[in-house]
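You will see subunit A twice below: alongside subunit B first, and alongside subunit C after that.
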Partner chain A sequence: MEPLLKISDLHVGFLNYAGVARVLNGIDLELFPGEFLGLVGESGSGKSLTANAVLGLLPARSAVISKGSIMFEGKELIGRSEKEFQGLRGKKISMVFQEPMNALNPSYKIGKQMVEILKLHKGLSNKEAKAEAVRWLTQVHIQNPEKVVKEYPYELSGGMRQRVLLAMALSCGSQLLLADEPTTALDVTIQAQILRLMKETADQLGTSVLLITHDLAVVAQTCQRVAVMYCGNIVEIGPVTKVLHEPCHPYTKALLKALPNPDHSETELQSIPGSVPNLLTPPAGCRFHPRCDLVEKTCMELRPQLTTVSENHYVACWREEDHV
Partner chain B sequence: MSQLLIVLLGVSLVTFLVSHVVPGDPARMLLGQRADAQTLENLRHVMGLDKPVWLQYFDYLGGLLQGDLGISIRSQRPVLSELLTYFPATIELTLFAMGFAVISGVGLGLLSAAYRDTPIDHGTRVLAILGVSTPLFWLGLMVLLLFYKHLGWLPGSGRLDSFINPPTQITGLYVLDSILTGDWVALKSSILHLVLPTICLGYIQLATIARLVRASMIEVLEQDYIKTALANGIPRYRIIYRHALRNALIPTVTLIGLTFGELLGGAILTETIFTWPGMGKYVVDSISFLDFPAIMGFTILVATIYVIINMVVDLLYPILDPQIKG
Partner chain C sequence: MFKPLLSLQRVGKEFPARGSGKGLSYKAVNEVSLDIYPGETVGLVGESGCGKSTLGYLVLNLLDLTSGEILFEGQSLANLNKAQQRALKSQIQIVFQDPQSSLNPRFKIEQIVEEPLRLNGWRDKQKRKERVRQLLDKVGLGEEYLGRFPHELSGGQRQRVAIARAISLNPKLIVLDEPTSALDVSVQAQILNLLKELQRDLNLAFLFISHNLAVVRHLSNKVAVMYYGRIIELADTNELFNNPLHPYTKVLLQSIPNINPEKPLLVELEGEMPTPHKSPLGCSFHSRCSYANDLCREAGSELQLIKEGHWVSCTRQKV
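This part shows the complex of A and B:
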C-alpha cells in the first residue's frame, strides 16, 4: 500500500543568536491510509515540530528545513507556497492542538467559526454551511447542536471545545489528522471519551491520524503503530504490541520502566538518568548515548540508522542485536 | 449615572477651589485699577464675592443643578450660551481629529503588526515615536510654516475663507451643515480649513493608538486560536483583520475613550495656534481675564463629555467581548 504521508530524512534547524539548533535530525516516517500512528517522546523531542513541518507551520523567520522530503499523497510538500499550503490546511490535512481552552476564537460563535471553514474549503452557501456545522456537531456527539452553534467558546467546557475542534478539523474531509496532544489538557474521564470519539470518527471516515502524545497508555488504547522519538530522531517504530511489549531501543525500555505500575505501587518510580541534551551541541553518534547503559565506542561516533528487528518493527541502535 | 454625578461634583469642587485660591480679583479686573473703593465694594457684593467661599460654592452648585453655569465676568452674558456658541467648532475639530487618529492609528498599528520587524514596521514605529514625542505647539508651527506660508497649499487659520458665508446653522458643524444644505463652496472651504488643525491635534493620539494596536495585535497573533485558524487554512489577511483585529481592539477602545478627553484638552492649544474660533480659544481668553465662571463652565462641560464618552465605551465592551455581559 502507498503511504498517505511519507517523511524521509527530514532535517529542521532553528536559527538563534547562539547558532543552529538541530531539532529534527533525519526523521523517517510513513503513515498509511486509515492508520493511527502514535508519536511519543518527551518534551522537546521534536514531535510537535514534525507535525508543524507537515502543515508548513514552522516559524518562517527562524526555522530552516535543511534537508529531506515530506510527501503527501505522492506529492512533495516542502517548498510549496503559503497559498498552496492554505489550500491543504483544513481541507486535506488538519490539526488539533493540546489546549482546547484557547483554541477557539473567543469573539465569535461556534457556528460562525465552523461555517467560515466550510464556506472556504467546500464552497458551501451560508445556509448549507450552517446545516453542515450542525451535522458535524451531532457527529462528535454534542447534545443539542442547534444551541451550541449559537454559543461562544467560553460557554463550553474543555471537552466540548475539543469536540468542536475535532469537528472543525474533520468537517472538510481531511485525509490526515495531526493530533498534537489532543487530550493532555483534559480530565482523565474526558480524555478517554475524546480518544474514543476520535478513533470512532476517524475509522468511520477513513482518516489517518498522527497522534502526538507523551502518554504511552493513550498510544496503547488507540494506535496500531507507534514511533518513539528522542531528541530529533525516531529511535524505534513498529506495531504497538511489539514496541510496548518487546521494546528494542534502550530509550523505549527506559520510558516503559518509568511508567508507574499499579501492581507494585511500593516500588520507587524509575527515571532515566541524565537530561535531554542541548540541541545546539548535540552529542555525536547516537544522541541517546550519554544516557544509555549499553553505550560502546560506535555509539559515540556514528549515528545508527533504523534497521529491521522483525516485521514492520525497526530500531535505530548499534547494540540492538545484543539485546533482542 | 451615579458615576457621572460623583465625577461632576468633584470637578465642580476642584475647579471652584482652584479658581478661588488663585490670586486676583475679578471685580478689580472688571473695573480697572483706578476704580474707587466704594464702587469696587458694591460690585463685589453684586457678584457675591463678599460671601464666604463655601456659600459661594453652594450658590454655584445650586445654579449648576438648574443648568446655569453663571454669568461671564467679561461679557456679562450667561456662560452656557457663550460656550454653546463656541462648542460646535471645537466638537467639529475634535471629531475630525478623533476620526483621523483612530482610522490611521488602527491602520498603521495593524500594518506594523502584520509586517512585524520589516521596514514597514520600523517606519511606522518611527512615525509613532515621533508622534508621542513631538510637542503640539511645535508641530503646529511647523505645519503652518510649511503648508501655509511656504507651499501655500492649505489655509492656516479660521474655519472658512473670509469671503465665504458660513452654511445655514443646523448643527453648527460646518462640514455637516454644508452637506445638509448642499452648500458645496462652504463644504470645500471648511474641509480645507480642517486639514492642518486635524493633523496636529490627531497626530499624538494616532501615535499612541498605533503603538497600542501593534502591541495588542502581536499579543493576539500569538494566541492558540490564531494557530487553529492557520491550521484550518484561513488566509493570512483574513486572520489579521477578522480573527485578530477584533480581539486586539478591546484594549484599544478603552484608549480611544480616554483619547477623546485628551483631544478636547489639546484643542485649547490647537485652536490658539490656528485661530480656530472654538471653546479652547474662548477659555484661553477667559483665563487671561480671570473670568472664573467661564473657566469653570468650560471645565465642567469638558468633564461631562469625557465621562459620557467613557460610559459609551463601557457599553461597547459587551459587543466586542462576548464574555463581558452588559
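This part shows the complex of A and C:
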C-alpha cells in the first residue's frame, strides 16, 4: 500500500543567538491511509514540530529545513509556497490542537467560524454552509447544534470546544488529521468521550490520524502503530502491542517504568536519570547515551539507524540484539 | 488514638454568581467533612470545576468559609489575629501546579527559598544561607543553582525549588495542587519519589489534589472523590480502587486509559457536570447516572459509613 504521508530523513534546525539547535535530526515516518499512528515523547522531543513541518507552519525566520522530504499523496510538500499550503490546510490536512480555546477565535460565533472554512474550501453558499455546519455538529454528538452555532467559544465547555474543532477539522473531507495533544487539557471522562468520537469518525471517513501525545496509555487505546521520539529522533516504531509490551529501546523501557500504573501501586517509580540534553550541543552518537544504562563505546560515536527487530517493528539502538 | 492534624467539618464555600445568574450564588464546596492525620496523604480527585482547588485554598485560609469550620490541631482557623495567622501559615504550605508562575521570575533561586525564612524571624543572614543550601540539597539541587533564575531551570527543577520553599519553615501539612500535571512522565516520577521521601523524613501530611488517578493511587493513603462540590466517596486507597461503590467513582476509574490495549475503555460517561447556576435537586450526579431513580432525583443521599473506613453518598448503598 502507498503511504499517504511519507517523511524521509527530515532535518530541521532553529537559528538563534547561540548557533543552530538541531531539533529534528533525521525523521523517517510513514502513515498509511486509514491508519492511527501515535507519536509519543517528552516535551521538546520534536513531536509537535514534526506536525507543524507537515503543515508548513514552521516559523520562516528562524526554522531551517536543511535536508529531507515530506511527501503527501506522492507529492513533495517542502518548498511549496504559502498560497499552496493554504489550499491544503483544512482541506486535505487538518490539525486539532491541545487548547481548544486558543484554536477558536473568541470573538466569532461557532457557526461563523465553521461556515468560513466550508465556503472557502468547498465553495458552498452561505445557506448550504450553515446547514452543513449544523450537520457536522450533530455528527460529533453535540446536542442542540442549532443553538451552539449561535454561541461564542467561551460559552462552551472544554469538551464541547474540542468537539467543535474536530468537526471543523473533518468537515472539508481531510485525508490526514494531525491531532496535537487533543485530550491533554480535558478531564479523564471527557477524554474518553473525545477519543472514542475521534476513532469513530475517523474510521467512518477513512481519515488517517497522526496522534501526538505524551500519554502512552492514550496511544495504547487508540492507535495501531506508535513511534517513540527522543531529542529529534525516532528511536522506536512499531505496532502498539509490540512497542508497549516488548519494548526494545532503553528509552521506551524507561518511559514505561516511570508511568504510575492505575491497576496497582508500587512503592517506587523508576525515573530516568539526568535530563534532556541541550540541542545546541547534542551528544554525539546516540542522543540518549548519556542517560542510558547499556551505553558502550559505539553509542558515543555513531548514530544508530532504525533496524528491524520483528515485522514492522524497528528500533534505533546499537545494543538492540543484546536485550531482545 | 491519633488526633487529626486537620479536620474539616461541614465546610462550605459559596461564590456570588456573575452575569445572567446575578443575585444568586453557587456552592463551590458543599458540606465537606474530612480529617487528615499527621504524616498521611489524602488524595482529592475530581474533574475540573468540582471544587477541589477551592477546598485547598480554604485549608490554606486563603478564602473565607461560608459555613462550617476548619480545625488545625484542634484550633479553629476562623477569627485568628494577624500574628496567629502568620504562625499558622508556616505550618500549612502549598505547592502549585505550574512552577513557572509560582516562582518570582526576578528572584534568584536563593532569594526564592530564603524569602519565607526572612519573613518568619530568621534574622541571621549566615544561618539563612546555610538553611537554603540544606533545603536545596534535600530536594536534590546543588549549590550551583543558588545564583540562577527560574527561567534557567527545567520544569522539574523549578518544581523542586517550589518544594524546597514549601518545606523551608518545617510545615506539618502541605497542600499539593496538581504538582506534577505540567511535567513529563519521567520527571513526574522523580518528583513523586522526592515527595514520598520528604514525607518519610519530615513526617509531613499531604493534601494531594489531582485529576490523575494513577498518580493519586501511587501517593495517597486515603482518597476522597469530589463531584460538584461534595465528597461523594472516601476510602482507603486500595479499597477505593478495588471496590468503588459510587457510580461516579466507577466510571471515573474506568475512564483512565490503560496501557494494555487489550483492556479497552469500557463504559464512558455521557454528558458533563451540571452548570453551577442550575444546581440539580437531589443527588448532583443523577443527570449522568445510569441507575438514577426517583429518590436520587428528589432527595439524594448524605455521605454515610458503609463499612470500616469507607464512606459513600449514594441512595443505592444501604448501611
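Here, the second predicted complex is superposed on the first by the 320 of 324 C-alpha atoms of A that agree within 3 Å, B and C clash if a C-alpha of one lies under 4 Å from a C-alpha of the other, contacts with A are read in each partner's own complex, and residues count from 1 in each chain.
Just so we're on the same page, a contact is a pair of C-beta atoms (placed from the backbone, for glycine too) under 8 Å apart; a residue touches a chain by one contact, two chains touch by 3 or more.
Being a predicted model, the structure only gives us computed values, none of them experimental.
**Q** Return fit or clash for subunit B versus subunit C, each positioned on subunit A through the superposition.
**A** Partners fit side by side after overlay.
**Q** Just to be sure I read the superposition right, which of the two partners does A:Y152 touch: subunit B = first, subunit C = second, or both, or neither?
**A** first
**Q** Between subunit B and subunit C, whom does A:L205 touch in the aligned arrangement: first, second, both, or neither?
**A** In the superposition, A:L205 contacts neither subunit B nor subunit C.
**Q** For A:V20 in the superposed arrangement: first (subunit B), second (subunit C), both or neither?
**A** In the superposition, A:V20 touches no partner, neither subunit B nor subunit C.
**Q** Does the superposition put A:I272 against subunit B (first), subunit C (second), both, or neither?
**A** second
**Q** Pick one for A:I117: touches subunit B only (first), subunit C only (second), both, or neither.
**A** A:I117: touches subunit B, not subunit C.
**Q** Regarding the shared-chain residue A:A169, is it in contact with subunit B (first), subunit C (second), both, or neither?
**A** first
**Q** After superposing on the shared chain, does subunit C or subunit B touch more subunit A residues?
**A** Looking at subunit B versus subunit C, the one contacting more residues of subunit A is C.
**Q** Compute the least Cα distance separating subunit B from subunit C in the superposition and give it as a whole number of Å.
**A** Subunit B and subunit C, overlaid via chain A, are at closest 8 Å apart by C-alpha.
**Q** Let me check the overlay on chain A: which residues of subunit A are in contact with subunit B and also with subunit C?
**A** On subunit A, no residue contacts both subunit B in one structure and subunit C in the other.
**Q** If we count contacts the way the header does, which residues on subunit B are in touch with subunit A in the complex?
**A** The contact residues of subunit B facing subunit A are 117, 223-225, 227-236, 243, 246-247, 320-323.
**Q** Would you mind writing out the residues of subunit A in touch with subunit C in their complex?
**A** 42-43, 157-160, 187-193, 195-196, 214-218, 220-221, 240-241, 244-245, 254-256, 258-263, 265-266, 268-272, 275-276
**Q** Could you please specify the touching residues of subunit C with respect to subunit A in the complex?
**A** 47-48, 154-156, 184-190, 192-193, 196, 211, 213-215, 217-218, 237-238, 241, 251-253, 255-261, 264-265, 268-270, 272
**Q** Once bound in the complex, which stretches of subunit A touch subunit B?
**A** Against subunit B, the touching part of subunit A is residues 55, 57, 61, 82, 85-91, 94-95, 97, 99, 102-107, 116-117, 120-121, 152, 154, 165, 168-169.
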